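What follows is a set of structures to go through.
Shared chain: subunit A. Partners: subunit B in the first complex, subunit C in the second.
Moving on, here comes the complex of A and B:
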């Protein structure tokens, strides 16, 4: 057995080139590799952090944003504990694509998944095409948390992942999702219908 | 000194000495001191001699030292003059050395000029006799000369020699120019007439003229033309293949394979040529341009595949029906029959397998070529990363990624639809513990995941593993759970009637006959149990399948595959929960209600009995034989229909129920000594029987009852103390002191004062 108390799967999604890989690299390795090629399929990284004295292992799946990998990345939604939906604040196009990403989430992800909206690349302030209020109001209208980050300057990157880890840990502790998955579904017939959709 | 001080010390004290003994001891002390002082003086006197001798020798040394000093001064003078001399000599040597190197370079230059003349003459004759190799050899020699140095020599030499060298250089320049133009033309001609020997002949000349890149470019056009003509043939053959042909289903995969084999063969044949005449490290340039042609030809084949196999329409139809089912409005008519996809899916994975194989071949070849020319770190890194870029971004890779993307969607659809079909066509055959769907479903899952793994794409394999996990832990689990949720119908159970009902195809939901529903319930229990086992087996076999994928792709892909493989079995506990739920349902409706009346017979059997009754019981058993018979009858209803593990679980549940009911009955009864003995006998028969029907241990469940029997068999109240507390030995009491008293009080012949007085 490895040395950790909880294990969570975090999946990053969003258009190609919004900086998903950079966010993951920054958080897991403290690097900002410039000139990163497009991700092929799916990459994954592991980082163990400590929350309230307990080791929490984050399994971070970094997906390709390009359309032709969509069916590969979709297969990871179902078992994700958290989804990080990333757009690029200097690209209106990546922001406009958010609704279609959310439709996918709805179709494939588990209903108890946590989703967080992230506006990346705030270091490129002068090229900004999406202001913070728009991001925030989109997040609010879809009841997601919202955070603006810069993988390059390391702004808010740790906070993004730590917040997710804390929230997931608290959920487990409060029994909202029991991580050993002894769900109450078996005793509770009403929740079965929601799980059938899968 | 010591003596003086001590006498001073004693000086005052001697007068004060009054006792003779004190005086004596003082005397002894003083005489000892005197002795030691004398010794010291002797020692000092001895040293005196030594010191004197030393002083004498020092005196003698004095004059010698003066000699040494003058000698040293002389030596220093000599060394100084020697060093001057050496200095003089070495500067002369240096001058000589310089002169020698000047002479050498002069010789070199003369040689160069001679070479130049030789080349000039040689080139002209070689060109005239069309010996291009020789001409190129001369030009190559000339190109290695340092023209600047020659020009310098020219100026130094003045007009005398200068003009002729100048003329030679002019001739060579011209010859170089002519030769280059000629060779270019000849190679182009050879290429257009695909005259292989000439192509190779002129291709070899290019590097001699420092035209490496151009030579490779032209050569690759020649090779590209070969690829094109071969590919055209392959595609023609492919389109003429009859649909009844054995390979018809994998026609395009075959065509693609042929293309890759052609390219591979071309590389194999021409790599030595390139390496010999162009040096190592040039393969990447050649392959980059070959890959462009390979991309074009592969695209053509894939286009044809997409068109002929109706790929886009089918994949769109699948996409459509996927979104439909989530919006719960299914139109059965334009739903694609999964069977139509089977052959197509196999060909998709084969296309990708071949592509991966080919790309690995290219990677291996180019990497080893880069390894051979030992360059330093960054240049090598740069080459390797441009190889990576080429393999990753080439049109072939992209196109295959698209095909695989669509494949995954269709494969998932195929898997889900076929599994659901297996569920809907589920039949229960007599004699089989499970129904047909379990074997069917796991067969389908295995087929689909193996097919995905065979594609050679790690991401594709992972995606299908993910879909399999999802299908198992939600859809399939829901099917099983749904069947158990209705519960096990109460009432009597006729198995043969159930089978005939099911075989007539009548739905087992009809309220009038619950037998079929019961059979289905039990079969579902078995299905769940076997599914857990099958999931483990599926994972194990997939781990083996994935091993080769890992060995081809290395590090990261292993971790990815491991994660996705583990996901398959992390959800088996969900199935265990379903199984437990089902068993508890069965217990509630089929076991519990029937156990109570069986055990309640105990209440109507007196355990306050005479000797005569006791022996009468021996002949005509009043309770336990009938209980055992009833239990056996109850268990027999299930024994043949449940898997052995489920049957054992059922026996365990039944045993728990029997002990609970029997405990209640015992506590409601009264006993005398013989009655206790009777109960003990009854309990032993019951435990004996239940031990024979299951492989699990059930004695532990009877611990409390056995302890009750022990208490009911005591001769006196106080005898309990022989078994209690520090006397309990290996026995662990499962009864509380209060319960012990309660059981003791069931004995009519025990006085309650005695029981109360007990200290437990």
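Moving on, here comes the complex of A and C:
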């Protein structure tokens, strides 16, 4: 029914206010919503891209604000194919919180998940509290890729998600991750009911 | 937390989480608190395995990795399955919470009779080959199933009135033997005791229909079970609530529920007061406002083999009808495993539960435990069941009832519907629960 070859679930985590929703909106809608408070009303967003002639659908999930009091549900992590761990380069506190985020990842996410560390808000250079080397070395010590981004200026945002899509697609093609081999019962009914609503 | 809310919900069990989600979707400002560090309260699935030992204050055997990686275990505290066409599935679909969860069917449904485990026949074809029934019984049972399948309350026939004919009279009409009635009422109708026999048969017909329609949906059994355990269910509804603006805080011990003129005014936690005009919560948060109505005994058993006589099913249910073991209420055995990501490969979790009838609750589980074969580890608990003292309309405190011994979620949903009605004066309107946020659409 739907026109894509692969569907991947990408999950964003990191402290409140680091710009997770802005990254998603920038990538999926090309927007930078100014002056936003805590995220309300966003479940996940979808963007379909083409990789090597095949359509790949990225389903990008936001935290629903549950990170504010560190109350993210475990189930949020369960079926993630990729995790984007975001901190704000102008907030040392958000950088210092990374180890505790990684503990949750270690406990609840699949061992095969690919994870990327992102330092966001590089457009606010004068307020920087975390330099690029510190981000890179944290990422290196946890075998993650590292990127610095600006959701506002659109720096590196497309690259962040496209790299993830390419890596996941390659992993499926090389048989490193299995794909959609479980029975997806109940969900079938849901997609029918939502498509009928138009 | 020093703010005002429409509703404060205490405890993140399934009932509270569904209600929180419904309230948020309907535009209420919700604060949802739990005294535990984890979601789910009584309806949690504990992970890693070490936490199960901690919960039951048992020492985990060290230096032994035969149980595999601890984090691959998700152990339910309360055993239940979802009926494939039941009310919980209905609300999951309507609310869009299905997008947060994955389900797999349960492989088999069994019943204990004359000392042996038998597959439950629920279709005419299965009835013909069932080891449960003699030839004569097969014929009358087939006739009965056909009648149920074709039953239409608008078009009554055979002088059966669902409002006046009793269940026993209905069975007699089809000449069902005592033992056929036994498994029909308990394994298909899912009655816990025999008091229903003297009641009008309408409810029994609906229950058996629910069973067969659920069975017809996915084939192997009428039951579904979520990947990673039942604890996923409350978390899914908690996320729904959060999407619609609900605020979540775990690890928040409640100091006091503040009242004025007999009405709730807020909840105090850690020295701060959150104001509200309504509180919903589980009985644990209201020890002075609930009464004990009974006890459930449950044993969580970890096994390193499948359960005998279940065709090596990776998941299944065995019902031991009370009449088979001289009890007043049934014993339920639910088995799940690696296939649902709740145990490591080669391991199984069997949950045995029943309503307490004697002073030796653990002994009451014996007929169920005896079916399991060797048990690696066993965690036994006796839980008090509570009900609220009042309906909450005066004080605006709406308290849920404890989870009963039933093996599915139908009574859970009844309580949710009832609390929602008491709290809002309206029945749950599923069409309002639908998820249609513009952000979810593909922007390309």
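Rule of thumb we're sticking to: the second predicted complex is superposed on the first by the 166 of 198 C-alpha atoms of A that agree within 3 Å, B and C clash if a C-alpha of one lies under 4 Å from a C-alpha of the other, contacts with A are read in each partner's own complex, and residues count from 1 in each chain.
In the analysis below, contacts are C-beta pairs under 8 Å (C-beta built on N, C-alpha and C of every residue); 3 or more make two chains touch, one makes a residue touch a chain.
What you are looking at is a predicted structure, and each value in this text was computed from that prediction instead of being measured.
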Which superposed partner A:112 touches (first subunit B, second subunit C, both, neither): neither
Subunit C versus subunit B, contacts on subunit A by residue: C
Contacts of A:44 with subunit B and subunit C, given as first, second, both or neither: both
Touched partner set for A:78, first subunit B, second subunit C, both or neither: both
Partner chain(s) touched by A:69 [first = subunit B, second = subunit C, both, neither]: both
Partner chain(s) touched by A:29 [first = subunit B, second = subunit C, both, neither]: second
Common ground on subunit A, meaning residues reached by subunit C in one complex and by subunit B in the other: 40-44, 68-71, 75-76, 78-79, 107, 182-183, 186, 189, 197
Complex contacts: residues of subunit A adjacent to subunit B: 37, 40-44, 59, 68-72, 75-76, 78-79, 107, 180-183, 186, 189, 192, 195-198
Complex contacts: residues of subunit C adjacent to subunit A: 38-39, 47-48, 71, 89, 92-93, 96, 98-105, 218, 224, 227-228, 231-232, 235-236, 238-239, 242-245, 247-250, 434-437, 439-444
In the complex, subunit B residues that touch subunit A: 323, 326, 389, 392, 398, 401-402, 404-406, 408-409, 412, 457-460, 462-464, 466-467, 469-470, 474-475, 478, 481-482, 485, 556, 559-560, 563, 567, 571, 573-574, 577-578, 581
Touch list for subunit A against partner subunit C, complex: 28-29, 40-48, 57, 64-66, 68-71, 73-76, 78-79, 107-108, 182-187, 189-190, 193-194, 197
